[in-house]
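Structures incoming, each one as structure tokens.
Next, two complexes with chain A in common: one pairs it with chain B, the other with chain C.
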Partner chain A sequence: MLTRGTLIYIGQRLVLIVFTVLVVSFGVFAVVHSLPGNAFVSDRVHGTALQILLHQYGLDQPIPVQYWNFLKGLVHGNLGVSLYIRDLPITPLVLRELSVSAMLGGAALIVTIGLGITFGVLAAVRQNTWVDYLLTSIAVVGYSVPSFVIASLGILIFGQWLNNVSHGAFFYPEPWTGTYGTLAELSLPAIALGFYTSGQITRITRASMLEVIQQDYIRTARAKGLENRIVIIRHALRNALVPVTSILGPTVIGIITGSVVIENIFGIPGLGKEFVESIFQHDYNVTVGVFTIYAVLIGFANLTVDLVYTVIDPRIRY
Partner chain B sequence: MATLLPVPAVEYAGGTLAGEQVSLWRDGVRRLRRNKLALAAAIYLMVLALVCLLSLFWTPYKPNLIGTCVTYALPTGAHPLGCDDLGRDSLSRLMVGSQVSLAVGLATAFIVLVIGVALGLVAGYFRGAVDALISLATNIFYGVPPLLVAVALYVLLGPSLINIIIAISATGWMDMARLARGQALSIREREFIEAARSGGARAGKIVFGHIMPNALGPIIVQATFVIPAAILTAAFLTFLGFGVPPPTADWGGMASEGLPSLQGGFDPYILLWPAVALSVTLLAFNFFGDGLRDAFDPRQKR
Partner chain C sequence: MKPLTFRFRAVQSAAILGGISLLVAACGNSTSTTSGLAASQVLKFPVYQTAGTFDPGQADAEVDTEIMQNVFNNLWRFDDNLNLVPDIATTVPTQANNGISSDGLTYTVKLKSNVKFNNGDAMTSKDVVYSWNRAVALQGGYASNLSAIAGYSAVQKAAGAPPSSSSGAGGTTTFRQNIENKLTANDPAFQMSGLSAPDASTVQIKLAHACGWCLTAWALQGSTGSVVDQKAIASDPVNWWSKPVAQGQAAGMVGTGPFYLAAYTAKQSMVFKAVSNWWGSPKPTLTEVDIAIHDPSAIAGDVTAWEQGNFDLIGYGGNSGNLTYPLIQGIKGNSQFASQLLTKPKGRTTWLSFNVGWTATGGPFVGESAAAKGLRTAFALAVDKAGLATTVCHDVQCAPATGGLITKGLVGYLGDGADPLSKFDAAQAKSLLTQYDPTGKLTANLKYSYNAGGLNDPVAAYLQNAWQTNLNVKVTLDPSSDASQFISNRLSGKYVMSRDGWQFDYNHPQDWFDNLWGSVASAGGSNTSGFIDPTYDSVLKQADQTPLDAALPLYKQLAQILQQDVAYIPLYYSVANFAIHSYVKGAGSNSQADYYWNETSIQSH
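Let's look at the complex of A and B:
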């Protein structure tokens, strides 16, 4: 499977990822450092005291020099220190938040793929019946309704109306407990996050199932007396999944982007919450660090999806 | 279709069947009309546009006037949608909020159309180094989460409606460029382009005079999907607090203002109305876009 061509392809993609990370981090670096005000606005320090602080954190140097220092740190896996909570190292902080976000994103991905493929297959098998119409409508609702609306509805239903019934298991008005939350606390954010992208997966799965079902080998499988369930799952779905893989990239990006909003609603201590807070707090180093991590993450997510593509469809070679 | 059957000259009230030759556009419009869902969506969007126009001149109360009624007032006869946390009339604010959504949606679609189509067609027509450069830029933009770039741009440019539009356009042009590039790649090989080239037409004339009109169908369909996507991104931005500066009403910001009172459990309506308005509007744009695609691009029909 790992032919020479594939290795060259992976190499090219890695170069593109590195290039993207450089461009993105420099762009963000330039943006945050040209913002009005400085990192220590909230401290109300002026004059010499401010100059000393700026010098201490290297913020008085020209931007290219600062960026060069940032790159030197990045190569060693050191993203610098926070300017808001002074001297807090960013790398461990961001990695912990990344693990929280990854857990949320992973749960959302399971929701998205599970819902999307199930709905898509059911809709295709029952084409032009009420099942089909219902499921395709749910799919359109899925990618039309903003995730914060789904999340708010969830809070309203589970947190308010059912609160007395479930005795706090679904009590959402409070931010979640601990770093990773409990499974009950995770479920609603994951569903709110995954529902949006599941609509597109439903759509594509349905379309490609409809195409595959009409093919001759499906008729052959039926003709030799296989059970319908086995024909659908083992013969049709397997081939219908190829186009579905192609939108996994945008799906993952959608989940990463959506997690920024969801984490802020539910008070989840992840990367997305940190991103928004760091901007409001003028914590330049954290903003740049989080952005860099996002760029790396998306680069590798896309690369993984493209490689999964070759596994599912061996005809594709790079 | 080996043999051509003789066409019987059927006559009916509207004339002969053979005489009924319609253009692609009229055929598309007719198919669009038969799609009830798309029609309903179109009617809703027209009503929304009227409400938006109306709100420019008249609202039941002044949308930004604090204390028109008791704070957190539930819906009553005088205030059919209730009041928000500062005692502002929710209906008036909902009406005014449509301005931001429609402005962002339409303006972004226009900018994306211009930038994406120009870059895509040029890349697809010239290929080679130009294509490589434009494709590299596209790939870099695909490599970052659009919402975060929009946030960064928005923070850089400062809070205003124009800057929201710029930020969203800057992160939303890639799909359009890719579509236009694909169209240009396939159309440039057709005979009439060769004819135009041998007739001495300049590259600009070929790209924008010959290729663009023939690629317009899928491009317009794609543009109708840019509108809901832009409204959605704008709602996310304003919901996170990167929106039009207060006190201007917009649906995303209204929803985020309503979140505390929903979580506190005393007034879900402040959040409910903008959430419903946003959802229905996005649904309508998506249904209309689906109808448009099915009508004008039947090959893509699901």
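Let's look at the complex of A and C:
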């Protein structure tokens, strides 16, 4: 239940999100507009024709004026029009791409949390056994190797060495076919994106579980004759997850930002790929629009995680 | 024994029949009609660029026009051999058929009576007048194709500069809506005085001055000469071109061509469907054309998909340069597909431009002094163009440019080996360098600027090596990762030596000589080398106003002026490569564009 304090906290955070979005979007707006070149110039479009196009799309106006126009559109949910595909409304395009990215991000989050917590619990329960050493080693490898290396390895193994076996089953169809990736298609990029953060979660879960299972109430539960499985899952895990939630925020942010790299490596037609392409294409409105969406997503991800704390640990109040 | 033999033969026959049945079953899509056509007439291919616009009034790129030539029609068009043939008009006007007045200033064009838009509207001469006035008012990249018509400048002045966008597309909408409003109201300020529709089937065009190239320029497909439907555009002046339609539907992307846009998802796919009972000829056999919009990095996977039959061809839509040499070799090396690789000359020439006239940029090549021309000649002669084509293009992706700037096969080509700048003479090159730069001071710290990617990188490395080897001059390479910035700098004369090139729009020398050198190009902001010469300007003006046959010697003279001035180093002519399955009949390309889809069919296979 939302208390008055929580509502005030949410209000404050929303204001902060708006402020962050304004700062971030203006920064990106100013930077991309100051890059040399533009979306229109070509051997055929130059001189007067170019000036007319720049004028037509307001690109010859001062940056603050252009930004103000962008903001006016933004409050109406209008991110403007693409310059690369002239006049194409951006909002439906990026929302479609956001849904692709969300699919990938969700899968990566499942990998992160699923692997991280499972490995962490098993390592703690089997402390100082080969299971512990193996899973801890995997975790170390996980957070030591950047996601793009894992992605490249995945492509090398499944796309090159095992291509005759996999027949491209692990690769996202391009372009977006109107349907989302299958489990097989999602698996490689999701693992590449989630493996790094799953290592961190493994470590924290293991440490937290080791601390919790030494507690008196756990010993009491065992003394009462409860099965070890129930003691671990029902009594130990919930308390052990509190520290884990503390890094969920950075984890989600890592997945969102990491998706830019992974989508480009795997050619997944999501927001991250669009972001990079739009920079090269000088499609300013798309670049700023995508970055603004990222800022909003990260802001709301942080807020959501903060609110989840209160559910998992009732001691936390806002 | 007899029954046994009979049984064996029966089993043998059954086995053969079964085998045939299995074979037929395995070739699932080989169901054919009696005429040899496949049951499915859906053509599938990928493209690697997203079209910027399909609005003929705004289109300015090959990827736009290559597709749109199947949706819109012009008064006349290019056939597969780049000859002008009637399209919407009954004939291509000439003085002999009284289509052009004796002074060459008035064109009378009769239209076919059965032309219809795919929404069912009849197309009349008023649609031509509307389309051309609209294109001029919009002031897109190809608006100048109509610049010889009387009243051109007045309409552009009346339309004015578009108002700047106030919120995204706001300004654009206002600008285009204003044009639509004025055209709908028949505002005289938005009507070229030289363009009229005396009756429903006649268009009269009066020129401000004689024009030898206009007939050709007006034929440029999917561009300012194309006819659009006012009613369809009025419903959404900004985004009408991206809105799929159903046949007979009033609004959306409506044209008179044999295909219409049935589905469009930006950056994903386009589906075009054949117009049933289309007015023109030949009637489309294909029922549908499915285009996947892919990232260029997907080309290798697409070749595999093509080999597996998932695509019928690769290279259409302005993407004939996307097949890399290893992929071409892979196809050539496969006995099953080697014969399905189509190699055609592409109407594009690449050369190196010297800074000849931009004094602010400077460099040793500026001006008409003996030293400047001598050094330009030295750098030109030091490059083995045939070696470049072999080393860089493996004699597959390009051919040495030896016949002038206009690509081989086009009107204005000078002939093999006719360009003296195409020669390779290392000894003379070194001699000239020693003569005009004995200390090496003038040619120290030279840079060759180019946009990175494709053949440009290996070409740059080849040139650097040639100058180093043959002239002992070290030229620094100056690649630009941003093509638009490179083009901007190049067009404004900021480079001492830069990669340059041109892909022809229509098959007329004017397309080259107006746009690239001299005062006309300077006024248009596209004179890379800064080359300006009163004689060139004078001959160009005369050539442009002269019918093509008589103008050819004049254009040849222009080419020679550029050669004598050593304004450039010819490098190579591009070669287009297509992968087209043998069962796709009628598919192919000339040096300008893909063959029209309505000439294509899919044979049973």
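List of remarks:
As a working rule, the second predicted complex is superposed on the first by the 296 of 318 C-alpha atoms of A that agree within 3 Å, B and C clash if a C-alpha of one lies under 4 Å from a C-alpha of the other, contacts with A are read in each partner's own complex, and residues count from 1 in each chain.
By our rule, a contact is a pair of C-beta atoms (placed from the backbone, for glycine too) under 8 Å apart; a residue touches a chain by one contact, two chains touch by 3 or more.
Since we're looking at a predicted model, the values are computed, not measured.
When both complexes are superposed on chain A, chain B and chain C fit side by side without a clash. In the superposition on chain A, A:Gln127 makes contact with neither chain B nor chain C. In the superposed model, A:Thr3 makes contact with neither chain B nor chain C.
Shared-chain residue A:Leu93: touches chain C; no touch with chain B. By the touch criterion defined above, A:Gly80 reaches chain C but does not reach chain B. Superposition on the shared chain A places chain B and chain C such that, viewed from the Cα centre of chain A, they span 100 degrees in steps of 10.
By the touch criterion defined above, A:Thr304 reaches neither chain B nor chain C.
In the superposition on chain A, A:Val260 makes contact with chain B only, not with chain C. In the overlay built on the shared chain, the residue A:Val276 is in contact with chain B alone; chain C does not reach it. Touch criterion not met for A:Gln215: it reaches neither chain B nor chain C. In the superposed model, A:His55 makes contact with chain C only, not with chain B.
The least CA distance from chain B to chain C in the superposed model is 7 Å.
In the superposition on the C-alpha atoms of chain A, the part of chain A touched by chain B in one complex and by chain C in the other spans residues 35, 280.
Listing the residues of chain B that touch chain A in their complex gives 139-140, 142-148, 151-153, 155-156, 228, 232, 235-236, 239-241, 252, 255-256, 259, 262-265, 268, 271, 275, 278-279, 282-283, 285-287, 290, 302. Partner chain B is touched in their complex by these residues of chain A: 16-17, 19-20, 23-24, 27-28, 31-32, 34-35, 140-141, 143-146, 148-149, 152-153, 155-156, 159-160, 172-173, 203, 206-207, 210, 253, 256-257, 260-261, 264-265, 275-276, 279-280, 291, 294-295, 298-299, 302. Residues 50-53, 58, 60-61, 139-143, 161-162, 164-172, 175, 238-239, 242, 265-269, 292-295, 297-298, 301, 482-485, 487-488, 491, 501-503, 505, 523-526 of chain C are the ones touching chain A in the complex.
By the touch criterion stated above, chain A contacts chain C in their complex at residues 35-52, 55-58, 60-61, 69-70, 72-73, 78-82, 84-89, 93, 168, 174-178, 267, 269, 280, 282, 285.
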